[in-house]
Amino acid sequence: MASKTPVGFIGLGNMGNPMAKNLMKHGYPLIIYDVFPDACKEFQDAGEQVVSSPADVAEKADRIITMLPTSINAIEAYSGANGILKKVKKGSLLIDSSTIDPAVSKELAKEVEKMGAVFMDAPVSGGVGAARSGNLTFMVGGVEDEFAAAQELLGCMGSNVVYCGAVGTGQAAKICNNMLLAISMIGTAETMNLGIRLGLDPKLLAKILNMSSGRCWSSDTYNPVPGVMDGVPSANNYQGGFGATLMAKDLGLAQDSATSTKSPILLGSQAHQIYRMMCAKGYSKKDFSSVFQFLREEESF
Amino acid sequence: MASKTPVGFIGLGNMGNPMAKNLMKHGYPLIIYDVFPDACKEFQDAGEQVVSSPADVAEKADRIITMLPTSINAIEAYSGANGILKKVKKGSLLIDSSTIDPAVSKELAKEVEKMGAVFMDAPVSGGVGAARSGNLTFMVGGVEDEFAAAQELLGCMGSNVVYCGAVGTGQAAKICNNMLLAISMIGTAETMNLGIRLGLDPKLLAKILNMSSGRCWSSDTYNPVPGVMDGVPSANNYQGGFGATLMAKDLGLAQDSATSTKSPILLGSQAHQIYRMMCAKGYSKKDFSSVFQFLREEESF
Amino acid sequence: MASKTPVGFIGLGNMGNPMAKNLMKHGYPLIIYDVFPDACKEFQDAGEQVVSSPADVAEKADRIITMLPTSINAIEAYSGANGILKKVKKGSLLIDSSTIDPAVSKELAKEVEKMGAVFMDAPVSGGVGAARSGNLTFMVGGVEDEFAAAQELLGCMGSNVVYCGAVGTGQAAKICNNMLLAISMIGTAETMNLGIRLGLDPKLLAKILNMSSGRCWSSDTYNPVPGVMDGVPSANNYQGGFGATLMAKDLGLAQDSATSTKSPILLGSQAHQIYRMMCAKGYSKKDFSSVFQFLREEESF
Amino acid sequence: MASKTPVGFIGLGNMGNPMAKNLMKHGYPLIIYDVFPDACKEFQDAGEQVVSSPADVAEKADRIITMLPTSINAIEAYSGANGILKKVKKGSLLIDSSTIDPAVSKELAKEVEKMGAVFMDAPVSGGVGAARSGNLTFMVGGVEDEFAAAQELLGCMGSNVVYCGAVGTGQAAKICNNMLLAISMIGTAETMNLGIRLGLDPKLLAKILNMSSGRCWSSDTYNPVPGVMDGVPSANNYQGGFGATLMAKDLGLAQDSATSTKSPILLGSQAHQIYRMMCAKGYSKKDFSSVFQFLREEESF
């Protein structure tokens, strides 16, 4: 088997770390960078090459994956003083798996294109567990002709790689899904809470909803009421899962996108405000299904 | 086959009419009453007995089904000057399939119990089509020992008869489901609208949601965006289905129940207000999925 | 000075107690009843006549004031087994100062009218302080011809007695005012919080709002931000004033009235939910302006 | 009287036009630029100097006022290819009266400072009428030492010039005021509508609110209900005044600021969505008080 050409990886946090390891498992040598040198150590020990800036990654790899926490970090990694764009090679494929504002993705794509390279946005759904097991879903936006090339790499890290359309549509799909998820989850929590107060048994109510038109992923797969399902965060004091802070962040992106496209999101913006409040009241690190606990009328927490 | 004892039926409207016919098909002679005599004519022609008040129904039948549009109509039918309670026989089984405030169901149950009879609330889900084909779902609240007796009749009209608990829990289950349905539907409409404006193809977006955590009945079975699915109201200019007025009514019941039990329903109350506005803006008779059209930023309607 | 005829007073709680005392100061002998005998003791000691039921009050007085916490208490006092209606004299004037559902006021008025007596709803604004100093505002609904008679008594307890129209409009005016108050207060709290985070000095921001179109009673007379004004609950850790629980109750009445009249109240229903949540999170007894503290993003409370 | 040094003015739209004329009345020669040459003609005819880019304005004037519709226009005027920054002189005073995102004001201020010049944000409140009569209110953010210099010019165009703090706080004060205004206006509209449906006379209800704690600028100075006040847009079919589109724009800025500072604005974001919907339903050009008409449950419009 001929050796593979190296792949750059920028951003080795909770998600980036296991993603990069899955690339290694598939035989790709890595060129690594993270603003926190400690995050690189593990890879260095494993024999991967660690460099000192995104620009240096771009010098040594013509396929690069970025996995960063916010729009600002992504802009810095691409357009900063030592950013990718300083040394990117013509024809390079740059895949950003961060969840950021689709408008920023489009901006970055324009700058990348000016340098003769290709940019794709490919945010993920699925958490750390899916990242470890290589079962992430990637939602990919960019030129369709390049999708196959992106798929080769993304398929090492995810079981589901979906082409969504032009640059920015990967982000759009991600934030759309998460907005609907947040609305359904809060709706499920409100509904279960109301039903319980009206005298319904929570397991029975969940069963009725799940065979009726109220059914949703939050009611049938990730029920927020303790005791209704096993193996979900509500069964474990809302530990693990997808934190309220992360949901609040995604809803902020949805809100920004809705404002700039003048789209009315009455429930979406309300959901954003609810997660914002939860973050201020001690729920930041709890799974987002803890909104049930938040709405429940009990003084102690 | 021994002939069956007659069943009383009060309220022969859009829903009551086909429900009563299904009882006839199963061989039950009917004792019929409706405030609008015209509604009874068809049954009279078919040989059923029409009487002139709910009290008269109660005199001639010891199992009675009521199917009425509002709490006020139900109170009148039971406690009015010529109501069921005036002549109800001891041991009678009174099943109310109206969708009303669970607190009213409990009140009626108390009065019925004083007369030595049994009351159950058994609201339905499924529309006129399901009523015709005998495929309604009944959510039943009342004494568990009497459930089998209720099931005998309800099973003639529905394919799904679910015992929910004490009196009032049938109503509770119904309004809980519909509140979550309204929230999910509006959420789906907002999400699809936002995604489309961000450049996503609606069919693709629906597909992505349906394989992800945003999945819900409104996205995968009853998508509100024209062109995404066949055979749903959105494919037919939002005709048929479940009208916005009916949804607004059910959300009003949810709101009343939430207020009286002091349950916070942030999205539920917002959903109520949205359907309230839609009713004022020409959408009353359109299917409730027309909220997509309502949110879409287009002047013409 | 000829001695005055006695006035009945039912409900001697936090508000009723000082109101009744103001009637005494104006020379009216009282016929007293409260479900809690202890509440009557003070009046008995002062020589007023204490009786054992609302019916007994009605037997001895032809002008009666009721001041009760909820619709249910008012219904009991009027229509209960020993209620006013059991012994009310023809031509009596019955004034209900409770804050209740206007629909209930109308119901009570009908029953009272059947007995040949007159009913008026006259809820108050102003708290315990205004009740003590005789500075309440009464909003009065009922037959206009009887307003002068009502005014004679209400003027002893309030400085402002406003005729609002037919029975129920007193309640309507009260809950309308309080709904707008709740909305403005939350709006002021959100605005001050946002401004502070954007770097504005709270006193300066309040000054700018108060000379601009954002001005409202909550910003210029009862500012919710500690340090902006003296002599308001926000200057005293939100003690005293008008408790969040009471505001939640009034918003529940507004919500019920809006639902039954099919009036869209998008912000009103949201305000209701916010106070509902606050009551569940330890703010029940704090002044309603503590919503500023609730929205402020600080973990400790 | 010694002749005054010229002042640059960029943006001669509905607001900029009368503002610039007031500077002329006070004897300031103008250096004029607008992207639409037609907008400059009137000033050219009056003898003022018209140039062909913001850069040219900066070359000829060391005090410049910009009055532009959006953040993007402001960025272009300052940082564009022919923007002010290309030729700005050291020590120049640049005052931006546009209403834009405070974060953008801060960005512009940084760039201006690098060139050795001074930037202040000074958005206005008051509409075209106040601009004509020189009665605008300016809310000014920037270095306090320069406030007197700004005041000299702004005082020619407004009767009220308020120093708000560091750069960006002028914008912050503006959007805070308008957010509270929008909330109060919608609240007033909901309240008046509910009261009317409960049987209250609108004039009487307004009177009661205005002497009570529900009082706000929208109820006492700009009442949205036709027939309650004279001389306001509601008395004139909601023509004139402050258009719903402009309010939606300002609420979008408030929403962006709240998202980026993680401030919960439950009612503010709901107000944003409501004006967003109104713009889609034919109310864009109507005064923002037309929300009363929008909420009123009447089919015709």
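Structural remarks
Think of it as A, B, C and D in the order they're written, each chain with its own count starting at 1.
We adopt the following convention: contacts are C-beta pairs under 8 Å (C-beta built on N, C-alpha and C of every residue); 3 or more make two chains touch, one makes a residue touch a chain.
Small disclaimer: the values here were computed from a predicted structure and weren't measured.
Counted as hops between touching chains, the shortest connection from chain A to chain C is 1. Taking the CA centroid of chain A as reference, the farthest chain centroid is that of C. In this structure chain B contacts its sequence twin chain D using mostly the same residue numbers, the overlap exceeding half. Comparing the chain pairs A-B and B-C, the larger number of C-beta pairs in contact belongs to A-B.
Inter-chain spacing, taken between the CA centroids of chain A and chain B, is 40 Å.
Each chain gets one centre point, the mean of its Cα atoms, and the points for chain B and chain D are 50 Å apart. Between chain B and chain C, the centres computed from C-alpha atoms are 38 Å apart.
In chain A, the residues touching two or more other chains are 262-266, 270, 277, 279-280, 295, 297. Interface residues of chain C, counted against chain D in their complex, comprise 102, 125, 137, 139, 160, 162, 164-166, 168-169, 172-173, 176-181, 183-184, 186-188, 190-195, 197-201, 204-205, 208-209, 211-219, 221-222, 254, 257-258, 261-268, 270-271, 274, 295, 297.
Residues 270, 276-277, 279-282, 295-299 of chain D are the ones touching chain B in the complex. On the side of chain A, the complex with chain D involves touching residues 248, 252, 255-256, 259, 262-266, 269-270, 272-273, 276-277, 279-280.
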